[in-house]
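Below you'll find a set of structures to go through.
Shared between the two complexes below is chain A, which has chain B as its partner in the first and chain C in the second.
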Partner chain A sequence: MNKKLVIALLAATIAGTAGAQVKPEDAIKFRQSGYGFMAWNMQRIKANVEGKFDKDEVVKAANAIQAIANSGMGALYLPGTDKGKGWETTRAKPAIWTEKEKLGKAAVAFNKEANEMAKVAATGDAAAVKEQLGKLGSTCKGCHDDFKIKD
Partner chain B sequence: MNHQRIRIWDLPTRLFHWTLVISVIAAIVTGKAGGNLMDWHGRIGILIVGLVAFRIVWGLLGSTYARFAQFLPTPAKINAYLRGELHTEGHNPLGALSVFALLAILLVQSVSGLVSNDDISFYGPLYDIAGRELSNKLTGIHHQLSNVLIALVALHVVAVLFYVVHKKQDLVKPMITGWKESAKGESARGGGIVAVLVALVVAGAAVYGASGAWITPPPPPPPVETPNW
Partner chain C sequence: MNKKLVIALLAATIAGTAGAQVKPEDAIKFRQSGYGFMAWNMQRIKANVEGKFDKDEVVKAANAIQAIANSGMGALYLPGTDKGKGWETTRAKPAIWTEKEKLGKAAVAFNKEANEMAKVAATGDAAAVKEQLGKLGSTCKGCHDDFKIKD
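Then we have the complex of A and B:
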């Protein structure tokens, strides 16, 4: 094949791959979507704990939260995305990028409780689910308190 | 030491005060803890709405020293008190300032809490009438104000201790027993059963309003078929 054509195609491929990195606006959208989806599932579990307990519902919700918690959302915190708008103006604090160690601890705690929630949900024990829901909610708060702007 | 004493703080005022002390401490603890304690935080907040409403009415209809008009602090009174030229039986002008400051901040704090949300699964009982954007704004205020409240409560405690230890004025015992040692003061009058009932009715109405029980829930949507995947 023509040597110049090969080089041109190669260049286009590399450029295309580079462009595949998430755009800042999308990064904010995706993470806001992630948190919102988790909020739905937290409320689902809460509804099951306060009303009629449906084990399957709780399992689905807990698995969803676990999946999102373990999906590596850190990748969506691109530098500079403490400013900008996704679905709504981001409430990410600059501290996310300056206090990485503290943030890391909060993230690990969240993952731990999310994994535990999935385990507890599988047992179908309503009382245990309620207790674990409280612990899980506390880890959400653990990040929000320090890293999310309160309007 | 004179053994003359006067009735100073009536029973409703004392009950209100100490119930408020327990409620505010519990609200701060549960609010900071979060998690499953948020439900208790919400209930205690509604209780505080009722307590503040009671006190406001009692400040108008209660016995002598509970009435706001009796201890309303004016700049003239404050100055006179600081110069040592003003003697009061009930709240002195500085104490009066703290009463109004605490009541004001508790009012804003509890009402803003009624529409707050925690982004996770807690929604205040009146969230539906505020909507998401307003709720977020008021939640922000609620968070920031909580630290002001804690500071004000700490100041209140320190001030009381200052009076007890340094000025040798026991402020705590009268708030428990209702009696104050006083040579020439006049005992409190008024604040009878009718006033108590009116204050309780208003407080009850405030609690009912705060609870959101009056918000007619939208009719349950007819069961819809959602995809089962």
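Then we have the complex of A and C:
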């Protein structure tokens, strides 16, 4: 590569990194937003399997959970965001930054069940949605037990 | 329909409605979460078009915005949620509940551009993503100008 190109690439990389920089308080707020929005959608699916089943609503809810689950929220767990306040004081446990392998497994399990929920929702089979909601919810709970400070 | 079936359907409808009931403070929190999470993803796409373009990250961000935009957040603007606190005091203007036609147009425009953003992101064309980000951003701004109390 010629020198000019190297400099251009380097400048682009630096610009990209600087541009992508998220303030710690924003990172905490964004991840709380992601979980908060998923909570609504979990609640909606639950209401649908317990009451009147509206396939369209379940599909919308499942798609939102799936897209958020796959959005790469891990990037919001920046160093230094183990303490601090977004919408509220973070309830992230220090284990998030130390037990990477365990966290990775929890994240993979959650994503798998979120993807499956979107597929099951598309079938419109209420009983299958109910069953999948249980599986998905257990991956939420598993992660909360290990990595989220209790209410 | 026989009487038994009517009662069963009625019970299911009531259960469904009761189950889907969201507390006003939760409704405000959930919608703030949706916008908060979209803000992160808009910011990420912006960083990508201004710096180093990572197609995978842009696709994830665009898909999250699209799924949230199509999730039916209108249901979170329950009567009585024009005042109150979710994560913070709501900044919803009263016009949301009175200017339905204008709001409807703003919502349709936003959804259209969010859907288009997901399509454009999938092509990996950075220049097209940049252009579409401008269009999408202007639908956000248009709605904020009319329906959101300024910072």
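Heads up, the rule we're going with is that the second predicted complex is superposed on the first by the 131 of 151 C-alpha atoms of A that agree within 3 Å, B and C clash if a C-alpha of one lies under 4 Å from a C-alpha of the other, contacts with A are read in each partner's own complex, and residues count from 1 in each chain.
By definition in this document, contacts are C-beta pairs under 8 Å (C-beta built on N, C-alpha and C of every residue); 3 or more make two chains touch, one makes a residue touch a chain.
Not measured: the values here are computed from a predicted model.
When both complexes are overlaid on chain A, the residue A:W97 reaches neither chain B nor chain C.
Judged by the touch definition given at the top, the superposed model places A:V22 against chain C, while chain B stays out of reach. Touch criterion met: A:S71 reaches chain C, while chain B stays clear of it.
Contacts of A:A39 after superposition on the shared chain: both chain B and chain C are touched. Partner contacting the larger number of chain A residues, of chain B and chain C: C. Annotation: chain A residues 35, 39, 43, 46 touch chain B in one complex and chain C in the other. For chain C in complex with chain A, the touching residues are 12-13, 15-22, 26, 29-30, 32-37, 39-41, 43-44, 46-48, 50-54, 57, 60-61, 63-64, 66-68, 70-72, 76, 87-88.
By the touch rule above, chain B contacts chain A in their complex via residues 33-38, 118-121, 136-137, 139-140, 143-144.
Against chain B, the residues of chain A that register as touching in their complex are 35, 39, 42-43, 45-46, 130-131, 133-135, 137-138, 140-141, 144, 148, 150-151.
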